[in-house]
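Next come two complexes, and both contain chain A; in the first it sits with chain B, in the second with chain C.
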Partner chain A sequence: MTHKYLSHQGLAALVAELLSAGTRVIAPVRAKDDAGQIDYQLIASYEEAALGVRLPRRSLKEFFLPPTEVLLSYKQTKAGVEITDVPTVAPPQVILGAIPCDVAGLAVVDKVMNWDYRDELWFGRRDATTIVNLLCNIMDATCFCTAVGLGPESFTGSDVMLAPVEGGYLAYLITERGEALLKGHGEEAAADAIAHAEAARKEVRGKVEPNLAAVPAEFSTWLASNFDNPLWKTIALRCHGCGACAAVCPTCHCFDIVDEHISADEGVRRRNWDSCQTSLFTLHASGHNPRGSQSERFRQRIQHKFAIYPSRFGDLLCTGCGRCSRACPGGMDLPTIVSELVALSEAKPEVSGQ
Partner chain B sequence: MNELREVARKLLAEGTVQVVIGYEEGPRGVRPAFITSAEQADKLVFDTRCVQNLAAYLNPRRKQVAQLGKAAVVVKGCDARSVAGMIREKQIERENIVLLAMRCGGVLQNPEKDTELTEETVSVRCAGCTAREPKLFDHLLGELPPAPPVNKSRMEQIAALEKMSMAERRSYWNEQLSRCIRCHACREACPMCFCVKCTAEKTQPQWIDPSSTLQANRAWQTMRVLHQAGRCVDCMECERACPEHLPLGLLARYVADAVERRFEYTASDDPSVAAPIGVYKSDDDEEFIR
Partner chain C sequence: MNIYQPHLMRIREITDETVDTRTLKLEFEDSGLAGQFQFYAGQFGEYSVFGEGESTFCIASPPTRSGYIECSFKATGKVTQALRRLNVGDTVGFRGPYGNHFPLEEMKGHSIVFIAGGIGLAPVRAVIWNVLDLRDQFKDVTIIYGARSVGDLVYKRELEEWGQRKDIKLCLAVDPGGETPEWKGMVARIPTAVEQTVTTAEGNFAVICGPPIMIKFTLPVLEKLGFPGDRIYTTLENRMKCGIGKCGRCNIGPTYVCKDGPVFTATQMRKLPQEF
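Let's turn to the complex of A and B:
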């Protein structure tokens, strides 16, 4: 991997050049409704970006899978039904200063989006996007990325990683796309800048690792064979089933598809975020609900993230960002729950008899 | 707190209840606790971090809680009003629950930070509270702490909204509600939302489009808050649950104030007092119909 040194002014010049070329730039900014909070937003100038300040409230998901989007529009005419698909080619965009777990989340979801069909809208946006993440040093006690195979220094899914060094950043050029983005920008990196950044990459891991031990590979198998364990009956007592966890999750990707009329003979087909934590998600037309209580719905959340998805795609469907815990009004805390379940899975079976 | 643990222990040991729903220390501050044996009663805590309205767990939709058996629940005066609401609306029966009511000196805005109550940190909903000494209870516990400081931020927001023209107000709410993603977390977290089938989920006809367009968002939040008029106890669980941080507590308070002005009614902690939504009075002005 090659490196470049990018001064603060150099980064500002890069952003200015992108914006003047009409490229959309998305970066963490101070939230409009609460200056103490950070949201990813489109920026109009480099000065708006608030890099490395605090974990953004929401992940990058909405820029690739919006909470609602039109898939097609339809119109009834005398000749039949006219259907117009939406364009699947997205305008070029650059994501600047995202936290590594959010970027990794996109790479995890790519797998299901290219599974039984290729999601053209998702990949249209993915293909149009270059991602520059920032070495994370804004973790808190709820972060557990290192436990799910990632880390605050993770390159997964990113084209360029920036690591703060004196006067600016050391840029790791991870992909060809990343190299192209920085073409004509930055300077040759000094050996001590590289050494400094490498030391920082090791150091940040140590800030997350104590929060939760690495989830063992055997955990997925244990979960799959403990679907009927009585523990599920009581694990989600405090869960309201509100689904706020799924809304803020960088990897929850389920959606619902609905047709909505605009007039008597025109309408649109939309897809909207959905969540397995609500009872409507699995309600059959007959009135039967195979996941009739929150115990079953929460079991589904854990099973999908830590057993079903990895069995199909290899990756856990969790980036350890901790947003579900921060968003939960009922005090459900995923790292605690995972740690308790892992302990249970590792417990030696009780010796029966004498 | 010892008094609370004592009562909880006794209720569980005697078999009067099978679960005590209260608060315990969790990984991120205080969290709801479900105590099912007398030995665990010492886990219970009660302090200014006990923000959550535990009455929500008595809502019949929480099947996972109902399966535990008869419950005792720790309530603040405000939460007791939710319980009264559920009794009034025939969702639970008074004799099937035991209320452990705590005298309250106000709570913080969220259950995570253990800080002193100040004008900035105290919940906006504690301002002007008349329920610090709960009236609906089986066991009234604790000493009455002094009244909390007053957080005026929401009152000031409401005053500012009232000064706005209709167009300005519309534009304020449009901006807020455009952020709604229609996840319905507000409804699910609400103790008073217990309809078996919510209007938002009815499709024949489709009263409200499920997509998060501004028009549908406005229809959804307007319907929700109007359905809560005179029923909402201002616990703000909707706002705490909202992943998009909409000012839902402000919306709810705004409607509650209107109910108070028009019907001289605030959500009562007496289940036998009917709420305006369920009452017909022949001497009602009905001036809005003319």
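Let's turn to the complex of A and C:
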């Protein structure tokens, strides 16, 4: 991997060049409704970006799987129905200063979106995007990326990583796409800048690691064989089934498909975010519901993230961003729940009195 | 064209099976596509009424009859009620075929017992006609079909045809209280009908589909007869949106009905978590 040094002015010049070429640039900015909060948003100048301030309220998911998007539009005519495609090629965009756990989430979701049937809407946007993440130093007590195989220094899914050094950033050029982005920008990195960044990459892990011990590989197997464990009945008692956790999650990707009239003859078919935590999610037209209670729905969430997805695709469906815990109105804290479940899975079986 | 975009199909024929169940015969608008379209018995699709949405059903016609597909549905939810309002010549959307299928190749040279209850005959019918269209490649064909009442039996014209054929053993049954004075079939529930009709499991395959309660009580009968769990095939249904493993709602534990199914053996079914 090669490095470059990018001063603050140099980064501003890069953003200005991208914007003038018509490339969309997305960065963390101060939320319009609450200056204490951060949102990922399109920016019109580098000055708008608020890099490394705190975790954005929502993940990057919405830039690839929008909360609602049109899959097709239709028009009823006397002769029949006419369908109009939606473009699957997206305009070029650069994400600047993304948090590593959010970027990793995209790489995880890529796998299901490419499972035999390639979701061109997702990949159209993925292919058009260059991602520059920022070494994370904004962790709090709810973060647990190091417990799920990632870390605040993780390169996963990113093209360039920026690590703050004196006067600017050290840029790690992770992919060819990343090298292409910085072509003609930045300078050769001094050895002490590289050493400083490497030290920072090691140091940040220590700020997250105490929050939750690494989830052991055997945990998935234990979950799969404990589908009927009575613990599911009690574990979800504080879950309201609101689905806020799924909305803020970088890896929750479940969706609904619905038709929407525009007029009597015209309309669109839409894909909307959905959540396995709501009772309607699996409800059959007959009234039968395979996941009829909240405990079954919460079990699905934990099983999907820590057993089903890893068994299918090798990755946990969780990047440890902790947003679900912050968003939950019922105080369901995922790191606490996971650590309790892991403890249970590691508990020695009681020796039965022979 | 993205993967969620359906093909356009025209309704060529409408058959009312019962008061609330209807069969549509659909043809591709694009004749080139009609020639290319291939599927296997047991696969399913997403059928749509534009402006109302999509709904998941099996393809109820056999792959041995090309140029069209049929679906049978009960008007229950928003989409199925809208489908019921359509007329011959109207356009519907179709995405598919999706999922796995019944192992017709493996079944060749063997006898097959088909068991169905109510609208559960729809997926089984695709296999039955597939087998009947290649009749000389299979041994004995037994069909056991039942419904709550005589009025709830679907594909009545075909039941009549099967009853007249010498190369099919057909047993029709209705639940006690569901018979009419003219009824000549059995008055029994499916497990009893199976017990009284099937004498041997030797070299046989069983294909079974119907309400969960029927399957629950029929599987022990088949097992008692000696059918191994991996020769009993059934097809599951769950609510789906995408049909291709992405929308996240049809899974039963780690098993995706859309990708791993909808066709499962009894052995596979027993290993599934009880969440369906």
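Points worth noting:
As a convention for this text, the second predicted complex is superposed on the first by the 352 of 354 C-alpha atoms of A that agree within 3 Å, B and C clash if a C-alpha of one lies under 4 Å from a C-alpha of the other, contacts with A are read in each partner's own complex, and residues count from 1 in each chain.
We take it that a contact is a pair of C-beta atoms (placed from the backbone, for glycine too) under 8 Å apart; a residue touches a chain by one contact, two chains touch by 3 or more.
Values in this document were obtained by computation on a predicted structure and should not be read as measured data.
Upon superposition of the two complexes on chain A, no clash is found between chain B and chain C, which fit side by side. Within the superposed three-chain model, A:294 lies in touch with chain B and out of touch with chain C [touch as defined at top]. Judged by the touch definition given at the top, the superposed model places A:231 against neither chain B nor chain C. Using the contact criterion defined above for the overlaid structures, shared-chain residue A:242 touches chain B, although it does not reach chain C.
Legend: residue contacts after superposition of the two complexes on their common chain; A:86 is shown touching chain C, with no touch to chain B.
In the superposition on chain A, A:303 makes contact with chain C only, while chain B stays out of contact range. In the superposition on chain A, A:42 makes contact with neither chain B nor chain C.
By the document's definition of touching, of the two partners only chain C reaches A:257; chain B does not.
Once both structures are overlaid on their shared chain A, chain B and chain C have a minimum Cα-Cα separation of 6 Å. The residues of chain A shared by its contacts with chain B and with chain C are 256, 258.
Chain A meets chain C in the complex at residues 71-72, 74, 76, 80-81, 83, 85-86, 88, 112-113, 115-121, 224, 227-228, 253-259, 261, 267, 269, 271, 274, 276, 281-286, 290-291, 296, 300, 303-304, 307-308, 311-312.
Interface residues of chain B facing chain A in the complex, by the touch rule stated above, are 26-34, 52, 56-57, 61-65, 67-68, 111, 181-189, 201, 206, 209-213, 237, 240-245, 247. Chain A makes touch with chain B in their complex at residues 31, 33-34, 37, 57-58, 67-68, 142, 233-234, 236-244, 246-248, 256, 258, 260, 270, 272-273, 275, 278-280, 292-295, 325-327, 329-331, 333, 335-336.
Residues of chain C that touch chain A in their complex: 1-6, 8, 10, 29, 48-54, 76-77, 80, 91, 93, 237-239, 241-242, 244-249, 251-254, 259, 273-276.
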